Each structure stands twice: as structure tokens, then as C-alpha cells.
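Across the two complexes that follow, subunit A remains constant while its partner is subunit B and subsequently subunit C.
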Partner chain A sequence: MTVAALQTSSGDLRLRLVAAFIVIACLSQLRALPIALAALAAVGLVAAWRRPDAQLWRRLLHVEAFLLLLFATLPFTLAGRPLFTLGPLTASVEGLERAMLIAAKVSASVLVLTVMLGQVEPARLGTALRGLYVPEAIVRLFVLTARYLGLIRDEARRLQEAMRMRGFRPGTNRHSWRSYGHLIGMLLVRALERAQRVEEAMLCRGYEGRFPRLAQPAPSLRDWAGASAAVVFGLAVTVADRL
Partner chain B sequence: MAHIPDGILSAPVLIAGGALAAAGVALGLRRLDDRMTPRTAILAAAFFAGSLVAVPVGPSSVHLLLAGLMGVMLGTAAFLAVLVALLLQVLLFGFGGLTTLGVNTVNIALPGVLCGLLLGPVIRSTTRPAVRVAAGALAGALAVLGTGGLVALSLWLSSSDYTPAARVVIATYLPLALAEAVVTATIVSFLARVQPDALRPVAP
Partner chain C sequence: MSALLALEDVTVARNGAAVLREVSLGLAAGERLAIVGPNGAGKTTLLRTLVGLEHPSAGQVWLFGTPCQTERDFRTLRPRIGYLFQDSDDQLFCPSVIEDVAFGPLNLGCTQAEAFCRAQEVLAMLGIAALAPRISHRLSGGEKRLVCLAGLLAMKPDVLLLDEPTNGVDTENGKRLRAALHAFPGAMLLVSHDDAFIAELATRAMAIENGLLSPAALHTHAHSHTHSHPHIHVSGD
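Take a look at the complex of A and B:
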């Protein structure tokens, strides 16, 4: 039941946000490699159980540049028992273990994020954030930015297509960079024009810097169960890690 | 490489970053007129969309940060725009981190806001296009280098084992700073010609 509560996208978002934050905070501070690997396996099982889509694996594969960087530097710079030598560089067991620990923690955190918060609409997120006492102005900004991002990205795509049609071939040179400058400049000019229209339309409808707030139903038993299961998991790994 | 993911930084760094970000965001909220919210949000979306454009640098391509320009055009509201953009990225696209939200906000927004405070007045008041281009380029480059320095600092403060990685981070920011300088200078002179009002900060 708890896993089912985690996977529904209709549950109480406030609880899920808080629980996801606590779990990730716990995972990110692990120190023992076996515990981190076990946590990654557990989270991975839950993720695989809820019918993963291609998006999930793409997110994982989109290995953060940071991980690559740490894998490239840590084994060779951390002193310890030598594992293998690569020219003048010697990789240490400790360094490799450290890199694997970080990779496990980062991947587990990404999985938790996707399992618990994947596929939510920005409008619902806005209401949930308001329910968590995030200042109203930030929530308004968040919802409006999410709403206009799609439109403006489409605009950017059209501008880029137009550039390609006119024979623009990007390269590492001043001309390309300046062309991108003009592209983004135009994007900003159009955004300001849009803002002008939106502001006028909102003022016409009596906007005073506030939105009506939607009442949210209290979290159901299922939501509480899912959130508690997640938090208990997070605390359990932390305790196991420090013992 | 401006978004540090969850699982790398130490707790004290995360908490300090969160506190600094909260202070910056509170400042931005105090300076932002409620009625300017739609404008700030639409500009934030435009900056976000602009930073998704892949700009070729050498054999690979980079995404611009545009923080220097945000500092000039949004003022202290850049803290809000960056926080909201990072929140969107982590909650809707799954990139970046939830616990590192504060650190990442400070790393990107703080250098931009400082550049806006320092170079914004020059960009707005000068009558010589060459000076404006130079100030724009400086704002773009300094903001990127500032972010690179802060990212390296976050890594280095978290664990001394990250020191070599932190050095590499700084090196990767140098080509980005060059591209960002040219792009920002172009945008600034473009806006000065087309819509000079755009260069006035939304929140001082």
C-alpha cells in the first residue's frame, strides 16, 4: 500500500514534497558505500515497479557532468591502496569507492525525485507550495513562469528555425555568438511586449497583486502512509549508515 | 555545470547556502512591486528559454547562464527568477537538486546581482556604444566567473578531497565566460537600440 501511495500522481502534493525533501536530505549525507548501494537498489526497485517510462532512464543517463568529473579525479587524487596505474597516475581503491558512493547517492536522489514528484502539473505544484507556506509572491512567480516558459520556448524555436532558413550555421566564432545574442535579445523584447499585454489584461480584470487561493483537501490516510513510509526509509538508512 | 545535484555537498554547505539564498530572496521580494510580478515571471521564462539554447564552444556546446544580464534587467529580483527557474527544473524536469536549491540559487544569482549593481548604472547612463558594449561584456564574463568560483568554493568547502575537481570546474568556466561576454554585450547593445527601457531593473 505504501508503494502504491508513492506512485499515484493524485495524492497530496504537500506531503510528498516534504517527504521527498527529507528522504533526499538523508540520502545525500550517507557515508558508507554498502548502505548507499542498498538504498540505491531499494529506490531503484520502487522506480522499476511503477512501470518506468523512457524519461526516467533518460534522466539517469543524463549523468551530471559533476559525476563524470568526480569519477575522473577522485580515484587518482585520493591516497590509498593502489588499484591500477594509468601512465603516471595511480588509482586508489579508496578513491574509486568514494566516487561510487557519490554516484550511488546522486542516482538514488534523482530516482526519488522522479518517483515521488515526476509528472505533476505546475498549477498543482503552485497550490501545494502555497500550502507549505512558501511566500505568495514566489508561488505566483513560479506558476506564471511555468505557464509562459512553454510559449517562450516555442518562440525561441521559431526564431532558431528562421535563422537556419537564412543559412545560419553555428560555430565557435564571434559571428555565431553575436547571432545568439540577437536571438536572445529578440526573445527578451518579445517577452517584454507580452508582459505589457498580460499586465494590461490582468489589470482590466482587477488584478491587485494577488490571486484567489484554492482550498486544499486535507491529506488522506493513504498520503500520510506513503509519506511516513518514505521518511522512515530515509531515517532508517541514515541510522544504518551512522551505526 | 552550474547545477550541483543532490548527494555531493556536505550539510554545513547546504545549510549556509540555504540561509544565504533565503536572505537574497527576501531582499528581492521586498524590492519587487506586487504589480511587477507578471513582468518578472515572463522575463524569467525568457531567460530560462534563452539559457536552454545550446551555444557551440569548441568541440562541444554550452548553455548560457545569462546571470549578468538578469542582474542588469531584474536587479535584486534576479534571486527570485533564478530560484523559480531552478525549482521548475528540479520539480518538472528532474535536473539539479532539491537540497542544493539554496546553494545553486546563490551560486548563480549572487554574482549576477552584483554585476547588475556595479555595471547596470554604467550600461544605462553611458552615451558611448563602445563603453556600453564593454560594460555588457564585463557583466557577462564576471557573472560567469563568479558562478564558477562559487561552485568550486562549494565543492572545496564540502570536502578537501574535491579540490582537484574544483580546479577543473574553474577551468571549464573560462570558455563559457568568453562566449557569455560576447553574447551579453550583443544583447545589451541590441536592447539599448531597440528598447532602452528594458535595461532598467524591475526591482532596484
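Take a look at the complex of A and C:
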């Protein structure tokens, strides 16, 4: 299979990466809450229309759990007009607004990533990043992490199964903490050893410290159209915010 | 059910395809049952189903006369089963050998002193007492296998499930492994490709192919044959 054949299934990844980066950069600079909420709604609509996998929605849920933390802390830590008091703590309107603004921006950004890059194999992003002249070392780190994360996760799962087979039941005690410590330590040691073996195998096949850059076909008109639409959306949101 | 472990018309499916099809099996006390079959026939899945790591889509698993379905059912009975994983590295996770062998007894509620004492005893019994302070992931394949077995024996199980126990084990440690398994008084279910090992240890055999389990004949031929094989003599011997 040629690079061209690999690319056609999901369009030109380089353009998509750049467009996603620009849109998220724009979203991150928003200051007005209504605009941020409108942007979130717009991106949400596009996401719903694209019908991503259930797993991608679950990923979004992880982010939302983190954002709950903001809602729990920001209203109480930012000074401003009092909203309500909870014992010695006073929640401010400004704090709540700030938390909502951040939540809207973060959710919209994650949705943008879900829509634009969610269904892309992580390994394929490597070629695109290399095509965008991202330093080879970073690309290598990314590609190898994407490749071996699954193996390490499997290793962790099997170790945990073997622990369960020997009667281990996690609890809040020294034995459990020590056992988990051993588990993590062992995973790190194995990962390091695997990394060494992988590098040796790469060296045996003539690797000279750099991944070769593959020539990629030029983006199609459709790719340009999609990327332009995304960038226009990002810029429009920013302009509306600043007016 | 009088059998220690039993499967009753168990079907296990993975990604829509049946890995085990209506498999029935019983392991009686003192029995050493060998399961043979090609790669991917479902041997490991069979063992995993017996200890509750795979959940059957149909059929019933019995452990020591108790029907087991949920993780909770299995959890209480698992300490009586020693499951030797195919890859020793899946089992060894503590930095030192002695800690790893003591892990099971600690889970059973032994004090640290008791657990380490038991671990030391089992290591001595297997003839690898000297390995106790060694770093577990730097052992040889054969040593790792023996340490894994020690970790199981330290829990004093009634049944051993062995998944390819002789794979990657050198002659010297292989002898120790065989001796330890011969000395084990309980029942045993072993999955192996090593015909000599099965002939030496098993009392009964079953064959598995495409997820179907059927009885197999276990016989040893009393025949003599001549053959030549190369020997390696270490110079200076």
C-alpha cells in the first residue's frame, strides 16, 4: 500500500492538524462567556452530526470530570460580587462565570479534536507530523508511545490478573500499597527493557537515528475546503469576541 | 459434583467467535489431566475460564462442588487453585524473589514473618533457596518458572493449573520442575506441547481442537529404537 492509498481514507492529515491547532488557539483566547458558549454549541452540533464512536464521548466525560473541580474551587477563590455563602466560604459571581468560560472553552477544544482527529489512528499522525516538519525526536516519541502503550497496558492487565489469582484484594493497607508500588516499578523496568530491545531491533534493520520522511501527496480540494471552513470558524469566533 | 474442578457445557465467545464450544470436563482428586492441542485451540482460555478470568456465555463452572458465576464466587475459592501463567513475567512483579513468593501467603492473611518463612521453605523444597534475594526480572527463564511455581506452592493449593510449564526451561531447572510436580500431592491440570513431559506426569489426557474437547488416549510405547544425535562435549570435561 502506498502512502497515497493510506491517505485517501481520511483526507490529508497535515491540513487537519494545522486547522485543529488554529481553531483551538482561537478558542483558547476567548474572553466573553456568551461567545464561548455559542462556540461550544456550534462545535457540539458538528460533533453530533458526525456521530463519533461511543468511546470518544467517554473521553469527553473524563475531561468534564476534571472541569467539575474548577466549579468546586474557582467560585470560592475568585473575589467579586457574592453569590451565596457556604459556612465560612463565599462564592462569587465572577468566579462562577470564569469557571463556566473555562469549561466552555475546554469542552469546545476537546470536541474539535474529537471531530477532526478522533477517528485517526495515532500511529498515522506520525507521518503527518513529520510532513509538517515537527522535530523528528518528538515525532519518534509520539509514534513509539502510541505503538507500545497498548502492550504496556496489556502487561499491566496480566500482572493484575496474576495478582488476583494469588488472592490479592486491593485495600487501604501497607500490603496493597507496597504491591501496587512493585507493580508500577516492574512495569517501568520492563518498559525500559522493551525500549532497549526495540531500539536494538531498529538498529539491526539499519535505523540511523532518524525516521525517514515519506513523501505525501498534495492535499485535495476537499481537504483545503474543510480546513478553510474550520479556520474561518475559529477566526470568526475570535473577531466576535473582540468586537 | 465430586470433581474438584468441573466445566459443564461451557461455551466461551470472544469477539463473536466461540473459543470454547460446549466443553465439559471434570478433574478428580489426585488426577493429573493433560490437555493437548494445536496453538489457538482454546487451551489457555479453558484454564482462564476455570479460574474465572473468562466468563462463559453458556454453561456452568464448578469449583470444589460450588457453582461459580461472579467474581465474588471465584475469589473465595481461587487461593485453593495455583495457576501457573504461560509467561512467567506475567506473574513475577515484586523486585526480589522472596517478596514475590511471599506475596500469596500475605494475601491469605499470614504475618510478614510467617509469609517469608513459608516462602523460604518452598524455595528450599524446590532447590532454589539461593535465589531468594535475587532480583526477579533478572533470572533466567527456567529460574523464573520455578519461582512462579514456588509462589503458587507457598499458598498450599489443592489443585495446580499449568499452562505450558516446560516452555523455555533449561534441562537443569526442568529436572527440578518435574521433581516438584511429582512431589505435589494434589490434582493437576496441565496444558503442554511437551510429549515427554506429559507421558511422564499425566494420568489422563484430553485433546482440544477448534474449541471442542474430546478424550484422548495416553499411552507410552515400549519400543526400542536406535538413533544418532549429536552431542556437545565441553572441552576439558
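The working rule: the second predicted complex is superposed on the first by the 199 of 243 C-alpha atoms of A that agree within 3 Å, B and C clash if a C-alpha of one lies under 4 Å from a C-alpha of the other, contacts with A are read in each partner's own complex, and residues count from 1 in each chain.
In the analysis below, a contact is a pair of C-beta atoms (placed from the backbone, for glycine too) under 8 Å apart; a residue touches a chain by one contact, two chains touch by 3 or more.
Computed from a predicted structure; not experimentally measured.
In the superposed model, A:158 lies in contact with subunit C only, and not with subunit B. Contacts of A:183 after superposition on the shared chain: both subunit B and subunit C are touched. In the superposition on chain A, A:168 makes contact with subunit C only, not with subunit B. Put simply, more of the residues of subunit A are touched by B, taking subunit B and subunit C as the two choices.
After overlaying the two complexes on the shared chain, residue contacts for A:149 are found with subunit B alone; subunit C is out of touch. In the superposition on chain A, no contact is made by A:224 with either subunit B or subunit C.
Judged by the touch definition given at the top, the superposed model places A:199 against subunit B, while subunit C stays out of reach.
Subunit A uses residues 155, 182-183, 185-186, 189-190 to touch subunit B in one structure and subunit C in the other.
Across the complex, subunit C meets subunit A through its residues 51, 53, 75, 78-79, 81, 83, 85, 87, 89-95, 99, 103-104, 106-108, 137, 151-152, 155. Contact residues on subunit A toward subunit B in their complex (touch as defined above): 20-21, 24-25, 27-29, 59, 62, 64-67, 69-70, 72-74, 77-78, 98, 102, 105-106, 108-110, 113-114, 117-118, 120, 122, 125, 135, 137-138, 140-142, 144-149, 151-153, 155-156, 160, 170-172, 174, 176-178, 180-192, 194-195, 198-199, 202-203, 207-210. Touching subunit A in their complex are the following residues of subunit B: 1, 3-11, 14, 25, 29, 32-35, 37-50, 52-53, 55-58, 64, 66, 73, 80-81, 83-85, 87-88, 90-92, 94-95, 97-99, 161-165, 168-169, 179, 182-187, 190-191, 194-195, 198.
The residues of subunit A lying in touch with subunit C in their complex are 155, 158-159, 161-169, 175, 179, 182-183, 185-186, 189-190, 193.
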